[in-house]
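Okay, so chain A shows up in both of these, paired with chain B first and chain C after.
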Partner chain A sequence: MRTVRLYLRLLGAHFRSLLEYEADFVILVVATVLMQVVNIVFLAALFAKVPALNGWTFWSVLMMFGAVALAEGVGSLFFDGMWSLAWQINRGELDYFLVRPYPVALQSSSAKIGVNGLSNIVMGIIMIGTGLAHVDIAWTPWRVLLGALLLISSVVIKLSINLATNAVSFWLSSPTPLFAFAMHQVGDLARFPLSIYPIALKAALGAVLPFAFISFFPVAYLLDTGQSRWIGLLTPLVAAYCAVAAAVIFKRGMRRYESAGN
Partner chain B sequence: MRSYRALIRATAKAALAYRFSLLLGLGAVLVQLVALLAVWRVILAESTVNGFTWPQMRAYLLVAFAAGTVVSLLGDFRMAFRILDGDVALDLVKPIDYQKARFAEAVGGLWIELILIGVVVGATLALTGGVDTPAAPALALFVTSMLLLVPLKFLIVYVSTLTCFWTQNYMGVQWARLAVVNLLSGALIPLAYLPGWLAAVAQWSPFAGLTSTPALIFLGRVDGRHALQLVAVQLGWVVVLWFGARLVWRAGLRRLTVNGG
Partner chain C sequence: MPIVEARGLTKVFRRPDKGPGLAGAVRHLFARRFTDKVAVDHVDLSIEAGEAVAYVGPNGAGKSTTVKLLSGILVPTAGDVRIDGLHPQRDRTTVAHRIGVLFGQRTQLWWDLPVSESLAVLRDIYGVDHATYRKRMARFDEVLELGEILPVVGRKLSLGQRMRADLAAALVHGPQVVYLDEPTIGLDLAVKDRVREFFRSIRDEGTTVMLTSHDLADIEGFCRRLVIIDQGRIIFDGDLEAVKDKFARERILHVETAAPVPLETLRTSLPGAKVEAEDTPTRYAVRFDRFAMTAGQAVTTLAGLTELVDFRVDEPSIEDVIRRVYSGELVLG
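And then the complex of A and B:
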């Protein structure tokens, strides 16, 4: 509990300093909203001409885009500091974190705040919500609960992948998280139904770096569409696996950390 | 002229040093290429849509990829940081034109981008099958259009980077630019798919020249007169933006405050 309270206070400090620059704040929010609007226009234009993509309708693909936006948004708003890890390692800034009585990973991830996450979260929720409103799901309490669990798991998977790929910076001593960023971009592939990709990409997105569990599999399960709908039920397990793997990779990396030496 | 040629050479040599920013830009364009190829392969396997066949769409997406990759090394980041840090003051004391100098740098980085385009286009063609090249006149027009794309894209990036004189938030401006360009250039989806009014706006905007115009000419979807007209629009925007950018630059300089030294 104390950990969470402190985390929010750490973030709060950044948030207040951010509000100093009002125009910058507005530009960033407008830009992220614009990016999602462009995605929606693209999907609408595409599906105006074709009824379905491999059996997936506009609304289901919209939900997949929304799920990715939401997970990314949570990552930026609450854990943006992860993306500075490479820099913190390279500059030896981790020294400060190591002497404070608070988990190093959390100190690192709270080192920054990405306001663009706020608009991504809102847009993601709108996209998922609109999608859900237009599809036929027999809602039972059990299904609502499961839906919420899938959503949380999806976000956890994205955060774990972010942490794990950024922790790779302990081994590569570059000051920029090129590897993590490349993987992040690969994750954008998972906004489309996995079934359209060739087998190698299916394996990469479904198993190696399970981006498909952020969007495709949970949506497929909820909408009861596609050939492998039951796989969506594994999402919480995949989330747990990713979280543990990320923690292990981070711990291993920490052992390799050498200060910058001054 | 000699000093600009020297800048081109210097950037050409240093190009590999900026591979990080190049890869950052390339990654997004590459992922989009892979995703859209997969999407259209599935859709067009069943029937043609809006008159696009699968080999045509493949060619379209490859042109879009090439257009998205050129002039991305330029390091708009570098120029932005120099303005934000105030280092731009050092550029001001040099006896060369700022805009031309930046354009020379953009040209200097082209070779590495062309190599990357060659590799990706070659790999895609090898994996998914070839494309039909247009007849000689259309091909000449396509090459002209691709050549015009270089100054056009440079100018759009340049003007958007000049906003750093007004805002600290360079990232936000660039994201907004990328989003708008992606849609209105037809890189994300051919303009013919957009609602009529939006397609018309896009068609006459400077952005159509960034993908739609060269791609449509390559596919032979626009013929003689119409194709010439599209290239003329492209050229018109290059001229307008070249002089427009000078006005923005002058206005920006008046806002510039550099502390210390």
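And then the complex of A and C:
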């Protein structure tokens, strides 16, 4: 609890200075809203030609887009510093993190705020909401609870993948997170139903780096669409697994940290 | 029990052997070759609570690497470290509360936050209560004059301002052990004096200090113990004053006489001293061992021979001694 409170304290400090000193705050927000709008227009144009993708309607795919945008948004608004990890390692900036009584990964991830995350979150919620409004689900309290759990798990999976792929920088010596960024791009594929992809890609997105659990499987379960819907129920387990794996990878990496000569 | 203890501490860095350019980088991908650089080599060190230790050595000797090992930033290749009996990696959080680290080359302030906010964030990370924090800051402010720099954003600080803020940052939590790695680098004389005074005040409060510096004036009058490291190995560990007594005992008396005096006359009247002529015919330099003769005796003797216009006594500083150690001219035993 103290860890969470401190985390918000750290972010809050950066946020205040952002508002105070950064003029491009608004520009960033507008730019990302625009990006999401482009995404939706593209999607709408696609579905104007093809009414459904393997049984998936526009509204259900919109929900998947929303889930990915939301997870990504949480990642940038609250944990953007992770993307600076490669740089921090390269410059020896973990030195001071390592002598403070607070988790190193959290000091790294709180170092920066990605304002664009704000619009991703808002747009993500809007997309999920709109999608939900257009599909019929028999809502029971149990289903609402489950939906919330799936959503949280989806965000946790994205964050864990971000942390794990960025922690690979402990092994690579590049000052930019090329690997993590490439994986992030791969993750964008998860905005479309997994069933349209060839088997190898399915395996990659379902098991190796389980991006499909951010959007496809939980949405499929919730909407009762496609085959093997039950897999969606595994989402919380996958989230727990990813979080533990990311933490282990980070810890291992930390032992390899060599600081930097001046 | 010593508060800092290192046994057989060793750190080897592996540097990739890459040929020049892209070709070299590609070749490295297939045939990985490394050279090992032993930065710290079997260092044994134990520091008692309340000690002030000077840790000196030429560039690249392994000083910063030692500090990183002693604070748990680096995992040693061999050997181990105990801080107050604790393991710096395994008990990272507990150890963090007990140590303070300052790397003069690098700031720990957040570049986008005002100094006051950086310090307040650190206060919360360390869980220092507000009353204690206020008291500590008031004390830091007395010596470091933080007032004017508190509202300034990290990235806009001058070097001297940054260093003062960083000193406060390294000590917000009142650590028992403080490692200061080149804390006066790039500071002007006035700020240096202030910072040195600050060091004395924390030492007098009983804080254990390990200080690394190339400016040996930081050390004189502050540290009683001197540790010299060269090429990763400790080549001396002992009392600073004893070193001075043993190796900095020569004094040089510069005199100016009213009229030229033959060198021979001076030499015979001061047996045991070396007398040389200086740039003008009426100036002489007299070198003597301060345990064989006092400066007063030398001056009295010369004044009996001839009329003295002026004189001055030079005493070598620890700097001269250490310069001779670095150059290999002097071996401390």
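Criterion: the second predicted complex is superposed on the first by the 258 of 262 C-alpha atoms of A that agree within 3 Å, B and C clash if a C-alpha of one lies under 4 Å from a C-alpha of the other, contacts with A are read in each partner's own complex, and residues count from 1 in each chain.
The rule is simple: a contact is a pair of C-beta atoms (placed from the backbone, for glycine too) under 8 Å apart; a residue touches a chain by one contact, two chains touch by 3 or more.
In this text the structure is predicted, and so the values were computed from the model without any measurement.
With the two structures aligned on chain A, chain B fits next to chain C without clashing. After overlaying the two complexes on the shared chain, residue contacts for A:T32 are found with chain B alone; chain C is out of touch. In the superposition on chain A, A:L98 makes contact with chain C only, not with chain B. When both complexes are overlaid on chain A, the residue A:V186 reaches chain B alone and has no touch with chain C.
In the superposition on chain A, the chain among chain B and chain C reaching more residues of chain A is B. Within the superposed three-chain model, A:S259 lies in touch with chain C and out of touch with chain B [touch as defined at top]. Of the two partner chains, chain C is the only one touched by A:S17; chain B is not. Our summary of the superposed model lists a minimum C-alpha distance of 8 Å between chain B and chain C.
Common to the chain B and chain C interfaces on chain A are residues 21.
Residue ranges on chain A touching chain C, taken from their complex, read 6, 9-10, 13-14, 16-18, 21, 92-96, 98-102, 111, 173, 255, 257-259, 261-262. By the touch rule above, chain A contacts chain B in their complex via residues 21, 23-24, 27-28, 30-32, 34-35, 37-38, 41-42, 45-46, 48-50, 53-54, 116, 176, 178, 181-182, 185-186, 188-189, 191-192, 196-198, 201. Here chain B touches chain A in the complex through residues 20, 23-24, 27-28, 31-32, 34-35, 38-39, 41-43, 49-50, 167-169, 171-173, 175-176, 178-180, 182-183, 188-189, 193-195, 198, going by the rule given at the top. Contacts from chain C toward chain A in the complex involve residues 13, 16, 64, 68, 71-75, 89, 92-94, 96-97, 99, 101, 103, 105-106, 108, 110, 112-114, 117, 120-122, 124-127, 153.
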